[in-house]
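Quick notes on the structure that follows.
By letter and in written order, the chains are A, B, C, D, E and F; residue numbering begins at 1 in each of them.
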Amino acid sequence: MMSIEIFAPALPSIPWQERPAGSRETVWRYSGNPVIGRDATPTSNSVFNSAVVPFRDGFAGVFRADDRRRYMQLHTGFSKDGIDWELTPEPIRFLPECPSAGSFTQGYDPRVLWLEDRWYVIWCNCVNGPTIGLGYTFDFKEFHQLPNAFPPFNRNGVLFPRKIGGKYAMLNRPSDNGHTPFGDIFYCESPDLRHWGYHRHVMSATDGWQATKIGAGPIPIETSEGWLLFYHGVLTSCNGFVYSFGAALLDREEPWKVLARSKEYLLAPRELYECVGDVPNVTFPCAALCDAPTGRIALYYGCADSVTGLAFCRADEVIARLL
Amino acid sequence: MMSIEIFAPALPSIPWQERPAGSRETVWRYSGNPVIGRDATPTSNSVFNSAVVPFRDGFAGVFRADDRRRYMQLHTGFSKDGIDWELTPEPIRFLPECPSAGSFTQGYDPRVLWLEDRWYVIWCNCVNGPTIGLGYTFDFKEFHQLPNAFPPFNRNGVLFPRKIGGKYAMLNRPSDNGHTPFGDIFYCESPDLRHWGYHRHVMSATDGWQATKIGAGPIPIETSEGWLLFYHGVLTSCNGFVYSFGAALLDREEPWKVLARSKEYLLAPRELYECVGDVPNVTFPCAALCDAPTGRIALYYGCADSVTGLAFCRADEVIARLL
Amino acid sequence: MMSIEIFAPALPSIPWQERPAGSRETVWRYSGNPVIGRDATPTSNSVFNSAVVPFRDGFAGVFRADDRRRYMQLHTGFSKDGIDWELTPEPIRFLPECPSAGSFTQGYDPRVLWLEDRWYVIWCNCVNGPTIGLGYTFDFKEFHQLPNAFPPFNRNGVLFPRKIGGKYAMLNRPSDNGHTPFGDIFYCESPDLRHWGYHRHVMSATDGWQATKIGAGPIPIETSEGWLLFYHGVLTSCNGFVYSFGAALLDREEPWKVLARSKEYLLAPRELYECVGDVPNVTFPCAALCDAPTGRIALYYGCADSVTGLAFCRADEVIARLL
Amino acid sequence: MMSIEIFAPALPSIPWQERPAGSRETVWRYSGNPVIGRDATPTSNSVFNSAVVPFRDGFAGVFRADDRRRYMQLHTGFSKDGIDWELTPEPIRFLPECPSAGSFTQGYDPRVLWLEDRWYVIWCNCVNGPTIGLGYTFDFKEFHQLPNAFPPFNRNGVLFPRKIGGKYAMLNRPSDNGHTPFGDIFYCESPDLRHWGYHRHVMSATDGWQATKIGAGPIPIETSEGWLLFYHGVLTSCNGFVYSFGAALLDREEPWKVLARSKEYLLAPRELYECVGDVPNVTFPCAALCDAPTGRIALYYGCADSVTGLAFCRADEVIARLL
Amino acid sequence: MMSIEIFAPALPSIPWQERPAGSRETVWRYSGNPVIGRDATPTSNSVFNSAVVPFRDGFAGVFRADDRRRYMQLHTGFSKDGIDWELTPEPIRFLPECPSAGSFTQGYDPRVLWLEDRWYVIWCNCVNGPTIGLGYTFDFKEFHQLPNAFPPFNRNGVLFPRKIGGKYAMLNRPSDNGHTPFGDIFYCESPDLRHWGYHRHVMSATDGWQATKIGAGPIPIETSEGWLLFYHGVLTSCNGFVYSFGAALLDREEPWKVLARSKEYLLAPRELYECVGDVPNVTFPCAALCDAPTGRIALYYGCADSVTGLAFCRADEVIARLL
Amino acid sequence: MMSIEIFAPALPSIPWQERPAGSRETVWRYSGNPVIGRDATPTSNSVFNSAVVPFRDGFAGVFRADDRRRYMQLHTGFSKDGIDWELTPEPIRFLPECPSAGSFTQGYDPRVLWLEDRWYVIWCNCVNGPTIGLGYTFDFKEFHQLPNAFPPFNRNGVLFPRKIGGKYAMLNRPSDNGHTPFGDIFYCESPDLRHWGYHRHVMSATDGWQATKIGAGPIPIETSEGWLLFYHGVLTSCNGFVYSFGAALLDREEPWKVLARSKEYLLAPRELYECVGDVPNVTFPCAALCDAPTGRIALYYGCADSVTGLAFCRADEVIARLL
């Protein structure tokens, strides 16, 4: 395989399972899927589209747990091995910096990352329509909320794990106020994570599995070949949306320039827990743990908007397929 | 638990199974679900959204059995124990009192109740658009049809089991002529079950699992706390409707006044037979057998518009969750 | 012409203008149209779809006057000659018999008639969705409101001017909660104007100018040939609805039986005041004054949802065209 | 059973399995379904809606294999027994006779037949919108493409296996450019398979399982009673399309005349592999192998737009149910 | 101006009016517009989108005259000067060559041309959905109808006035069954005007005034620079479609090749009779009379789907703007 | 009248005409409307929704002039008296500061204001969907373009004429990518006009004339009572959108707080040039010239997306109606 450098820490203890014998898949599923079921909290209807990071001697995460009112809430969770997770029964209560410019009622599809000196959470925040919510924590106990990044309607906000060109950088997906039937990925910059500008178009929905809309997935992984971005794509069948995912490589200093992009999906709904649930036919990645020395990646992805799955791949293989 | 009086007969022989050990559910499923399969009649495609009552030394019911033309028909059925059901192969042929004001071609989602001196059936009757059909029987053999209660379009008509304020009383759900994307519950009165008026708004679709529309389910159960009404609610995901159900308490003498109402659903599609079928993700209750002395309730609910499931709860626990 | 008897009082002073020389029209417009403009009250945005009756030594009416909030209100109005109208600046305030079953917030498209001992008003009443509102007055000063006739959604309720088969009788048009793209005319009965039943289908939208939906217009006129009913029909062009009107003859004792019906419209939008306004291309009749001895009919119709027009015809000519 | 003559060759080696004991089904499933899975080629996402014919000492076919871009491609495949299939990894590359009037980018839902001197393939060809593509092969290795039969939008083109009235004959289903919510079957003629005319309406979508649209399935089978045509029908539930199939008998010399037609479907989605997949609730037949002496028919049908199923019936029984 | 040869007869007596002083328009309106009003026949609602040709010592035409049922009918009409027209009160009754493959119930938007030995009419024919109807006459008295050219859904069929490549040639616009929100122009060929094939894409809707759909207008005019085709384009505003028109040059022997095409429209709705009527904001050309020696062109175009307008231009100026 | 202070310069030479005798209108039209017609540039199709400011010894403006391709362009224009305007034939060519984050292809609905040291232009900029474009000029000759303020989709961006709370401030209206059927007004802040944040909801669409969506109009006028904001509102009739306008008062230091708001519209489409044109029934204000000493305001508003109208009012009267 090609020699690729990954600019990220070593994470030797991330979950890992070798590719099954005989499989030709670039991304393969964990045999014990789903790793998190519907009942991970006492009041949860479903747990999916969630984000995990290495934390202390194990892992922590921010989880989308829709409750039995079907309200979308975020919960913390902790794990020793990244597979067995304990979710906090109470949802996160964010302390807003400026309540009139961003507070929390419902929110979903979080991503989490370490940036400079703390853990940031970025999610789809629902106030007067979905937009991008931002917050941070130092300890996964107390969470502070920044003002929303944009006016509605936006989803799938994803921060880069370092400043680019001297500014914080974000991918996002402009939307409408419903089950948006379109959607491209955009890029923007901020000097302070509170004011955003220099919006640039990154990539469009095209055809096939990514014909209707696309959206950034986990926090991008910096490599010598560019930012490795997993992203979901949606195809509209006569019976609804199908969410698959692929990957792209973005320029390291001008990430709105796409160097390479999946033609074939890497993973699409096929297993019963991906095809049957509150929203059939959804595989939606929100987190990627990468062990830089080995290039092993553990992907956490929501399944049928009901449960959480785990899949594996190697950074060099994914990049080789793109190039 | 609270002390609640239930104004209904003792029905000690209704189906019953205790809550599984470890379960926190207020409503739990019968372990042998589904209790009625697709092939309950020689020509049936599916049997669901059906109503049962105690009858003689066992139980009788009116069942929605879509045939293999996919025409919606009503059939009688009989059971000794409420679990093993024998459906009559031939659909019910109603004898209309006034054919130009109400006859039967197709009909669905029946409810059945004892009212004064006979068994009444109320269902969604399809003539020039769906509206509320009414009929009665003394023996579950010969069925008489009254004029339709309203002009189209209406569904989920549910009669109260006694007169209120000196008049017959009905809940109903105004609709449109398709897969209605809205819907509140209304109340109305009749001196004679043939003319209806004094329409009052009862409750609206709100949010979460009941955001799109709601509709009354089984015949309300009169208790000292109010009428216990199970009702379904619909959430619209990007891949279609999801039907869950909860409960409400209505004022005993002015039932258009809602005393309490579920925030969390009581049961939502989760089992394979609820998530997969002619209409995925439907749980739709149409009948509740209640044993007044113990408060045991056996709920019959349609699953995925394909088969019939059974679930259990206790009146006092359900009411306690509402209050 | 044929000899037709009209069962209605003599009204020799209704507005009248002979058919213009050279015209072949069965229904012809008043040369001074529109007779009522947008500014008939100090706060009105538009005055249209309104109903007039002979009253004392002149005429009175109930007028739809949308105000500059664009709220739909009903106002009384009075005229000596049926052409020059004085509208009351303040909208009608109805005194509801049972507020929870029918009160007034907004309402539109009234019809007015003398029935037994008083003037009845019937209109589209907006509470939890449009439905049929009913009220009465003895003096066009104090108005009483009865409970709504149906649950939502219904429009174009029209009462017959006498009991039929011993009961009050109404035409109505089931609808949905928006700009309904379908609609047939139904018939129903009431012993007391408060409870309604025996709903029967009268006639459907068909094709051409009446392809999308139809609705009863003025109070039917009883003739020896049947009830003469003017009704509007809607055609959907690529740029919206077009409202024209025609006529039908209904059986005198079983009015749900259609004896004859227009193939050609009688009047369709053509004049600038009918084609340009708040809703382009609308001609919508709500009142017909008929002088029985001569068969002269003065039709009041809304124009472009903005102003009120007047047109003329003779009952015998209209009926001759239908038969 | 009735005595029916089938005008087709003997095919004693087609797949066959007797009706299961106790079954009342006219069409029954193969116990080893699905016979072709998603991974039949190294790059396939799904294999379904495909056509097979007897070929040399076994069987050959043209298969719809959507790849992991979710591009719709056609592949050849070969089998000794009609059950175990080997698909060619590379998609068919058609050699167009007139590239500007018909070339191949994507195509789907092929049917295959022997006509005069060669194997013809007919499919939905995607260039400037879906229309009917035509091609032929002598050896299932080299494929030639004829000009498209129509301007867009058309699907479900099916050729008759002999000339009728001296001309080639085709069934087809006019469509729109999306997930068409309507659709009737038409008939047309050609002197040369390149120019088409004399379009006639054959049959309409009606109600029940075939309420939304219908489309011809496998190549019609000529019998003494008429052309036996299996066709699919679509019902629109609140959660999407449901594809079932039935059969019709068409006049042998004027096939636009329908002699008989299913009221009940013959097979509808019920098994997990029919209800769960890329498009839930689809059973879509594209090929029927018939052994004339015995009347045995092996039907190949796409399941949930994901895999390929096999079902069996007897021509005489199917025809008996229609008549 | 450039020197352009026009391959058409001299028609010195076509209507003509010079460009108004000060006007910069390439196409300018006749000062006496509209030339044909709504009442051109005793039963007409509107007369528009119609075709005229030189005939004997004057002009003849086939006119779309919607009647007061709003049924779309075709009528003949005759004129000495092309401006004052006398329409035949009775609609054309076509004698079908093969009734099951093409008869007349309703039809619209005719074009007329001289081809070889007779006058052909081509229009949108409504039987089981709109498609292309064809017919011919020798005398504008007796009309014969050929089979429809395609299965539904198609509109704006336009024949070329000579064979191209040895075959009859037609432009057409595939559609859906409603107010189609898309539409490109296609080309096809026929050996006999009864069978059609070799369908090729000509040009697409693009942006601006022609963003939603386009359709060929009058019979193309052959010039030394190519076929001069006037065509309409549709823009979708928030209040509906706006129909403007421009022109294109098509290759003389391979007319599916576009040599040049309007960026700016040539004429768009602006006058009251174009902006107000049964369909506001429509200018729709169906006929162009061209005097070859002078290059003068008289264009007949439908206005607001209500009346017929006349406009003028010079072939060389139009072509100069395209090149 | 109340005593109100206006914080703006004296502009004694703005256009002015007293309220017509007998009129009760708070806002009245200029008798010479429209002031700018469709043909204000040699290539314009329409000129509307445009912004003017006092400039040197007269007035300058940025005008939306859709050309005859129906491309939306911005042009400068100059006038001595604010009534007779000379538009520059060539559209403005903006010099982008950062082309990948904001360049000009098409743009519309500009507003113009003096802010600190230059003239700013803010408009709906079309690149990968509509969003807010920003630019500036010192001389109305050379225009510089800043990066777009947001990712798509947004319209009706309006800057405040001074910093508020130390930051630049903007109103805007989040949208979707079509003829958006919803829309509220939001507020946001920027330290540098290049990065925006602290998004706050200001006011929602409510009912009546402003039921569907609302959007800020001219640059707000600072008064002692608060910011006087004219804004448009949209009502959806069965035949499309109707654009009227009213006014609101916003808190001077926290402008996301609404102090008062129109219930009745101030002006709605009524004149022929407002009701007939490329988009019927639009009145859309984009500029307000205010003479502080007298409180006279001249409002420029687009009419039917075709021409430009002028209307007048007095600040104190408008504010008095709000309070």
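Basically, contacts are C-beta pairs under 8 Å (C-beta built on N, C-alpha and C of every residue); 3 or more make two chains touch, one makes a residue touch a chain.
Owing to the predicted nature of the structure, the values given are computational and were not obtained by experimental measurement.
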{"item": "Co-neighbours of chain E and chain B - touch as defined", "value": "C, D"}
{"item": "Neighbouring chains common to chain A and chain D, by label", "value": "B"}
{"item": "Path length in steps (a step moves to a chain that is touched) from chain C to chain E", "value": "1"}
{"item": "Chain separated most widely from chain F, comparing mean CA positions", "value": "D"}
{"item": "Relative to chain A, chain with the most remote C-alpha centre", "value": "C"}
{"item": "Copies chain B and chain D touch via same or different residues, half shared test", "value": "different"}
{"item": "Chain E on chain F, rotation in degrees - Cα superposition, rounded to nearest 5", "value": "120"}
{"item": "Where chain C and chain D are represented by their mean Cα positions, the distance between them in whole Å", "value": "55"}
{"item": "Whole-Å gap between the CA centroids of chain C and chain F", "value": "42"}
{"item": "Computed distance of Cα centres, chain C from chain A, in Å", "value": "59"}
{"item": "Touching two or more other chains - residues of chain B", "value": "239-240, 276, 280-281"}
{"item": "Chain-level touch network, classified as line, ring, star, complete or other", "value": "other"}
{"item": "Every chain pair meeting the contact rule", "value": "A-B, A-D, A-F, B-C, B-D, C-E, C-F, D-E, E-F"}
{"item": "Complex interface listing, chain B residues touching chain A", "value": "24, 207-209, 211, 235-240, 242, 244, 263-265, 268-270, 272, 275-276, 280-281"}
{"item": "Complex contact set, residues of chain C against chain B", "value": "98, 100-102, 127-129, 131, 147-154, 172, 174, 176-177, 182, 184, 186, 188-191, 194-201, 256"}
{"item": "Parts of chain C lying in touch with chain F, wherever the complex brings them together", "value": "38, 42-43, 45, 67-71, 179, 239-241, 276-281, 305"}
